[in-house]
Amino acid sequence: MIIVMRRGATDAEIDQVTDAVKAVGFEIHLSRGVERTIVGAIGGDRGLLERLHLESLPGVEKVAPISKPYKLASRDFHPEDTVVQIGDHAVGGNDLWVGAGPCSVEGRELLLESARLVRTGGAHALRAGAFKPRTSPYSFQGMGEEGLKILAEAREVTGLPVVTEVMDTRDVELVDAYADVLQIGTRNMQNFNLLREVGRSRRAVLLKRGMTATIEEWLMSAEYIMSEGNHNVILCERGIRTYETATRNTLDLSAVVVAKQLTHLPVVVDPSHGVGKRAWVVAMARAAVAAGADGILVEVHQRPDQAMSDAAQTIGPEAFSQMMREISAIAEVLGRRVPISSTSHV
Amino acid sequence: MIIVMRRGATDAEIDQVTDAVKAVGFEIHLSRGVERTIVGAIGGDRGLLERLHLESLPGVEKVAPISKPYKLASRDFHPEDTVVQIGDHAVGGNDLWVGAGPCSVEGRELLLESARLVRTGGAHALRAGAFKPRTSPYSFQGMGEEGLKILAEAREVTGLPVVTEVMDTRDVELVDAYADVLQIGTRNMQNFNLLREVGRSRRAVLLKRGMTATIEEWLMSAEYIMSEGNHNVILCERGIRTYETATRNTLDLSAVVVAKQLTHLPVVVDPSHGVGKRAWVVAMARAAVAAGADGILVEVHQRPDQAMSDAAQTIGPEAFSQMMREISAIAEVLGRRVPISSTSHV
Amino acid sequence: MIIVMRRGATDAEIDQVTDAVKAVGFEIHLSRGVERTIVGAIGGDRGLLERLHLESLPGVEKVAPISKPYKLASRDFHPEDTVVQIGDHAVGGNDLWVGAGPCSVEGRELLLESARLVRTGGAHALRAGAFKPRTSPYSFQGMGEEGLKILAEAREVTGLPVVTEVMDTRDVELVDAYADVLQIGTRNMQNFNLLREVGRSRRAVLLKRGMTATIEEWLMSAEYIMSEGNHNVILCERGIRTYETATRNTLDLSAVVVAKQLTHLPVVVDPSHGVGKRAWVVAMARAAVAAGADGILVEVHQRPDQAMSDAAQTIGPEAFSQMMREISAIAEVLGRRVPISSTSHV
Amino acid sequence: MIIVMRRGATDAEIDQVTDAVKAVGFEIHLSRGVERTIVGAIGGDRGLLERLHLESLPGVEKVAPISKPYKLASRDFHPEDTVVQIGDHAVGGNDLWVGAGPCSVEGRELLLESARLVRTGGAHALRAGAFKPRTSPYSFQGMGEEGLKILAEAREVTGLPVVTEVMDTRDVELVDAYADVLQIGTRNMQNFNLLREVGRSRRAVLLKRGMTATIEEWLMSAEYIMSEGNHNVILCERGIRTYETATRNTLDLSAVVVAKQLTHLPVVVDPSHGVGKRAWVVAMARAAVAAGADGILVEVHQRPDQAMSDAAQTIGPEAFSQMMREISAIAEVLGRRVPISSTSHV
């Protein structure tokens, strides 16, 4: 922590700061300049330092952190890439990973059809929501446990592991019993109790970036999960809220590049929610892979116009095939590959 | 709903749209122009219409709603102001309401001292957090149930009703047993299960605006609560996330004016989180009242520099007195008043 | 400037940084900690330091400025408030100042009528545009020099000084010949050549905040004008671009409070462009004065519905009277006043 | 234009609207529903309609445009791609185009060295600024005309056409005399007089997106240029301002996909300003090409650490080679190619 004193701060004010900082176990580095004095506080417990509220002390102009607030998620403390295993495939290594499926589970027949479709298309996991966060209380809220059972059946039939969202601390145990990957949605990225709860699970967690979260806040949310012992966290960029209204959100692909530098966790991209329009999804999936993403999470439906939620951004079978072909070719340019799905023989 | 067809949409495409819309019970108004055809769909159930995903149909350029997606929260359907009673005072009528207190419950003695302080200063309710949403898993997370008990004791001692946050669906019953007003924090504004749960309570709910929520999304979240039967909802503007970094958030006072026009629910303002710096809080409280807010929720601490959370934005006793004096005078300009607290004799 | 070295930076890397910094005349303060080394660079010319691009040197993690990049505009270097004289009234002292008028000059008779209207209503200056920045090349672009002549006539008739926009470096001399205050619009806040050009004028300059400018960038643009010798700069907050679409812009009243702390220049508020809707203008003008603004710039038209530009946000004579009454009463609460216009006897 | 009347609008109010709209030459389509009446106005001159300010009329709830406000730039009116010729290469066809060079002209020897470097690396044009828009009046502002002369010499020596910025209407003639492509910077995207002035030139114009411009505003600025007769406009995405501070700006690659759909003009991407950090530039260039960009504009310097401006985001010779190799390979995946520069033999 660096404490910059105001111009003309008195010795008494400087002493008050250094005494406080030393008292909580930090080493002091004092730089007295002609104009200002700067206090460096190094080596102690940052949490204790924050409790001091140094910014409120007389004579203090500003306090700037020098280390990152996350540790378990930081590449500084864990330089090698984390690889998360999901069924027979892995996310975060050299191979790319693709999770695909309809926005929500709408019925048994429909979901099984979707599952077969994405397996045939080469996906490595099936994604679909049984619990759906909806802006309106009057919209379809998902099939709940019945939906989870259908997902489990789809896994049995196709061999594809299942990614599905959990929205409520009370449902973690339930979803855990059916899913292979617990998804935390964008609106719950800072639902801290939920993060802790999935942190106590041993399932992989797919953590979507909050639609207005900074990259640092996103990594702090990963830290919440990891601090409970679950290190199988996959980050998922899905678009952020900006002033632009032509797209549903602004897909922030530079976040992939930045996050891969700051953390060892895998980073995948959901191009569907980012742009919100079917015609733009494949192009953004290509761009995500070119930027260095470890995988793609995409909404696919056999008859996208009839999907019950997010139809506008859901692609159909043909676009999915095109996407798989094109991201495979781009992966090769980068020395990576989209592996043939282990379920494709099923 | 208005459906604008593309230039050159065929008759078959137009028929497909009108047939679909009529099938779910809407009346059709067709305008065929030289360049384009426009389909107006009036009178049916908007939820059904949304399921049609008209934007995905061939020939459709865009679909624009003409009515608002919320009903119970809308002033169109409930023109007169809703007044929410909290103890002996009310929010949303001609009188202004002030809730004040420390960011979090830090201990019994400290909280009782704070409670007496804000009562003496003229507050109508005591606010403090027992459960604290913190960005870092390593920060102080609140005292939990012990904190709630202390809050209840403070109410007994001072007569002030208690406003406190609930963060987890599993805690609603517990918090309900101790609090007078359930606060939903900015990060939980779209925690839909939590909204439903407090909607089943009969306590007043103070719903903070999500830090990147639109006014419409904020009202939709109020609608969630109301749709479960609880109409005692107070909206609270607390600053939105923008590109500006000089302030912690950008306090959006125009949201007060807009929300008061769109909804009958009371709207109060939290100037503390909006600006994030003590020196600016009183000025923004004045501005909020001048803009037409129904009340102020403010962080006050007897020794603000020692507060365990949000110290930088917490004001002390003197600034609180100044704030009360100045907002009273501004209220008078608008023909309103800050009533003398019924507890001031305690 | 503080240079934070990476974990494990070598001595050679640290030496390279300190040598470079000393070479351009800075004093070095070195703090070697267990984890990191921090280099404080104090006392030299920041411009020279920036040319070193220290962030690019090996071993450097980040570089943080400790002083502000503006000097002439900074309250650190000029603690007392600047008061800018405009005709018989002043902006930035204890008295509030009101500039009012139609968005654009639409014709001689109409403008004279508007000028009389705002004079009668108590404004201290007349504002109207002869050159209009319009998003579309097909929209009305203003009357140009003819409009300036009409403005000058209105000043003669009413005694009100004239505030009008200049958009092009080639027009500064022309506008200077007619106007009392040169307005720099939001889209030109970083038109640096234009800033320099008005900096060479002796007219007061009203500098609107760019719709996506930070407060620091706004002050840097004031610095551009001042660096050419013209210190008569008035800052004008007019709303910033955010994700919220219910209002045209988000009026950032905390920017008033922050700017008044950082700079000695007067800060006024334009509530018309901020909210973009007539019904909300008066409430935001009240809030601006309550927040501490030094004045209000407002769009007023005798028949607002017929205004050729910005009609939706222009208020009529009655709302203007209400605004003047209410901001006067709020000014009194703060120990300020809205002076009776010296032209009211004309 | 669609005019939605309020619930309970009277016949007189509806008549007032329809009469006004018919009076300016529009065809009326009236839909009377149980709840509301909707007026469709089709076929007339949108500019005239806007002057009516229908939103201000009694009984009107909202007014929504149905056609786009730009025509010359719209793909609706010009379905085939525009291809802009720059020297021996073209932008907007099947071939990708790369403009590269240092941020600013810093001296004759340095620039010639840079020009040879980017020619050898395969660039199709040389980019460098002689006039530099700088946030601070105390920063290096560019070499001006001397810089232009050096650029012209570099063209002679290398055969590379020159892209350089013009910031002031007074300089258009001068820059036009030396440059092959006139660049409009992000801060001048809505400097409408400057847009008109370059519209009168016959040079190609590279129009950077304003850092907070919507895609529609960007296309409106292209329309300004085109409305003066110059249709050789190249759009350039360079990052938008969001709340995220980890990157200098947020590079909006979905804007490429959206713009390519809305307009026939070529769209290129500047990854340097978007991310602001050298290590991230190549990845974002790859992503831009994968998204469908028609070219890349990139800052390259032989010794990037010594560049006088924007050093942090400037890449060196090796990274430039890597970028050219990788975008060529990705272009092939999309059936495009990065042509061998016609100057590579010079």
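Worth a mention:
Which chain is which? They are A, B, C and D, in the order written, and residues in each are numbered from 1.
Everything below uses one rule, namely that a residue touches a chain if its C-beta (ideal position, glycine included) is under 8 Å from a C-beta of that chain, and two chains touch if they have at least 3 such contacts.
In this text the structure is predicted, and so the values were computed from the model without any measurement.
The chains in contact with chain B and with chain C alike are A, D.
Comparing the CA-atom centres of all chains against that of chain B, the greatest distance is found for D. At the interface between chain A and chain C, two copies of one sequence, more than half of the residue numbers in use appear on both sides, so the contact is built from largely the same positions.
Centroid to centroid, with C-alpha atoms defining each point, chain A and chain D lie 32 Å apart. If you average the Cα atoms of chain B and of chain D, the two centres end up 40 Å apart.
For the pair chain C and chain D, the distance between C-alpha centroids works out to 27 Å. For chain C, the set of residues touching two or more other chains reads 212, 241-243, 245. Contact residues of chain B toward chain A in the complex are 46-47, 50-51, 53, 55-57, 69-70, 133-141, 167-170, 187-188, 190-193, 196, 211-212, 217, 220, 223-224, 227, 241, 278, 304-308, 311-312.
Those residues of chain D that touch chain A in the shared complex are 212, 214-216, 240, 242-247, 250-255, 257-258, 261, 274-275, 279-280, 283-284, 286-292, 326, 329-330, 333-334. Those residues of chain B that touch chain D in the shared complex are 2, 4, 7, 27, 29-36, 38, 40, 42-43, 64, 66-67, 76, 212, 241-243, 245.
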